[in-house]
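My questions all concern the structure below.
A, B, C and D are the chain letters, set down in written order, and residue numbers restart from 1 in every chain.
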């Protein structure tokens, strides 16, 4: 894995998708060139010391120049507090220091297998890169995508254009099946013949990840989850981001999700 | 000709006064690919007990204005696994390694220190008698003058390594603890550890940390830490290693001028793991600008009249 | 029907728990044109000695990350001029006035308190035994349990007014000082005063403050202050008035949940003198949202299990 | 004096005059309408708590709309640290909370008298409003203006257009007399007949103010100085901004320059 860099990245564009979702594109060729699907960056959102700590964001897209060479990357941000508020208000030309790429990426598949991606809300973020990588290998990809309202379901055309099958769900029923996305997932899993080699990838709120993990257990499917913990450093220095896992000899212990994750084998996680 | 950045902590000579603070730099190896470990004055590794410790459940940190409160709970692999699994890499990287020694009893402090004393490549011991966020974090030793003297004396008998008790700021008179450590045979003292603190989530009405309380670090505490380092440097003859909120070379220089022989950087390394060369360049530029030939010349060089 | 915001500090009933902190609100009259003084729970005026005091030469403040360090040196007009020149206006504005009483000796504390006890419109006395930045700032009383007990007892005998010793955070165990004050007959305690701190101008190598050291206040200290208020509220029966870095209604609620019956706001009033109605609205909205009918219901309502 | 207001003011324009000087115009009609020459505003330069305190700035210009009604005000800022850096980087549309008008203004004159304004560097700031007010009363105005280099001398055309006589000085001699502006001032004072009723107004670095005060003593002229102290609040709450003065009965004491100033009678100040 290449060593992370700290890029003082210029904002190329800040696209506000809704009252709290926005996509910020950063000028950071070096970083973009080596990022793998599922990896994240730690972004410093203020010049001073408030907020003090960097904020972790999945790399959303790789931005390419005319020649197709990586020119930078974007993040999909949901405004929830001061740091994401600053990113929501960012203007082209502003600079943010972006540390990355960091963390363990998703593992890719061969065409023999098919990929089911399960995204809840802003948990969509890592799946653009993953879908791209998998489609490039001709792996069949389905996106199970849940949000509160239909407005929260983003980039649907993009996935459609990549021939990613979409299974949508909204809590208010305004789009796709009403309720949580794990319901259509369960249905699909129970009807999918054991002949098909399906791998699950999930990113979203913890309750969703839990459900996906247990469904994977029940239907005996491989599953990788991108977990979210408070992260103080993203580099393994602070031990703030721990997730409880079962190690080889079945002992539960805390591992740092910035190093052992954010993408982790759903089977080993001990939910607290 | 560029200034001499070397400093001495007792018998331990450091190539420069910049030290990575315990608990903020993992076991050092985590940062080997972004920082040349050999370029640092020293690396203080995470606090170690005799055996493995699981640490507290998350959430373990919460951000505060210009600071953070942590209750990691000293999760650690224990002294034996550290020596077997981490020291070979640290030696290979040429790091000057100081181990942050923890104990739930004087015997444990002594035992851990004795074990480390025979390990090649360990340059010194920082005695953590000041971790505020676990019951056996040592603060019961660090907040009582007699116990401070007792634990430092006991470890002193067990090791020849440079011994650096780390003091807590959660006391009325930190300088008397500095004196107690000096009397007990410490080669130097380091301060400050974190300030006992608490953050409440008003919506859930629960503490933000699973451990309820934790330790405040970062730029927020710097003005208090500088004051305490100044008081201690004026109270003892042994070197003082200063820390607390250092995030720029100016900040580091404040501590040196206040009387610190070397400084540690903790929280700022989370914000910017590439900070080290910048700190070093800033200190060098300052020494040049002010025509100092040795960094040691500015230690305690504050002008108070 | 909107929630009842009234709270009681001993025999003193406040219409709401928001109090302007001493030294951060002048003598109150300075803010009369931007804040309806009668809308505040109370106003604690600047610390007063028996006679006028000149204070320290400038610079008297320096900004720090999310905080400020001050060494004003208790410049003040003395108790007599205060009563003659300021109290008439304060009465006219309908302010609930608490005086921050200073003394360089127990006799002076007693004398100032006796004088104020006979003045119409003074609702209570806050005993400043915790000013860190002048020799006679009272911290010599506030850092010693016996002296704390002695000065509080002495003033207690001299006045019937609600008596609120103000504690310093620069001690190992603030809760034992809270108990000492309670034993000595205090009606309530307030905390925290500022943290002794120091900032150095590295270019001149001189302290930033003419007084060398000063007191740190502002959001930077909030997590430590909340912890201390929580400890004190669990140690004494009398009400606790909490402060330290409050800059939003969430911050104020943290202190109430930690066990404060009322809160004071200091530094944030410098940043935003129009903060008061916003704090009050925020607290009211919170009580409504969480279906509380009285602010007193959330005092100490933190959930720790 | 009208009560100060706290305006959440939109930046109308940020004009960078040099590498460290800029003029920021704010949308704040209420505040602009009541500001008098020499008064200041306290500006909050960050959303969070770093930097924590507001920064004091003299009101530089009153911005007027098409009808000539006050639409806002501007400040002349010199970048010296984090707060002024944020103002230097401000973009139109950004909001800053501006508290004011604050402090004691300059006292105005009748046409019988003439006004000599002495400005050092960014000390020019209060003199645009003062010149406007005095010229409106047909008072003769001269500006003694010193800077390091000729590039530091700003708004010369503006003053010329208002028929303000200019006496310039630069430390490097690139414009006007070489050296400090107090030299040509001294010359002018010694040649000015006692018949002329000259009043001095000065704003700039403390050494300059001291010299102006002593010259006023020596030539027995009225003098008002705009002093600069660290200000924690600008409202009289913190006692940080004190200046030592002689009171009626000749006793030296500290007064708050945010209330008794920033404009103060040069004769009563005791320099420390």
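The working rule: a residue touches a chain if its C-beta (ideal position, glycine included) is under 8 Å from a C-beta of that chain, and two chains touch if they have at least 3 such contacts.
Please read these numbers as outputs of a predicted model, since none were measured by experiment.
Graph distance from subunit B to subunit D, where chains that touch are one step apart, equals 1. Of the two interfaces, A-B and A-C, the higher number of touching C-beta pairs belongs to A-B. In terms of the distance between Cα centroids, subunit B is separated most widely from D. Measuring from the averaged C-alpha position of subunit A to that of subunit B gives a distance of 36 Å.
Look at where the CA atoms of subunit A average out and do the same for subunit C: the two points lie 48 Å apart.
Annotation: 54 Å between the Cα-based centres of subunit A and subunit D. Chain centres here are Cα averages; for subunit B and subunit C they lie 34 Å apart. Multi-chain contact residues, meaning those touching two or more other chains, occur in subunit B at positions 65-67, 218-220. Shared interface positions of subunit D, i.e. residues touching 2 or more other chains, are given as 48-51.
Viewed as a contact network, the protein chains are fully connected, with every chain touching every other. Put simply, subunit A touches subunit B in their complex at residues 3-4, 6, 44, 48-54, 97, 99, 229-230, 232-233, 235-242, 244, 253-254, 259, 272.
On the side of subunit A, the complex with subunit C involves touching residues 48-50. Those residues of subunit B whose C-beta lies close enough to touch subunit A in the complex are 23-26, 30-31, 33-34, 46, 54-55, 57-63, 65-68, 70, 72, 75, 218-220, 247, 267, 269-274. Residue ranges of subunit B in contact with subunit D, taken from their complex: 65-66. Interface residues of subunit C facing subunit B in the complex, by the touch rule stated above, are 64-67, 69, 143, 170-172, 195-200, 202, 204-207, 212-213, 216, 218-224, 226-227, 230, 245, 250, 253-254, 257-258, 286, 298, 301-304.
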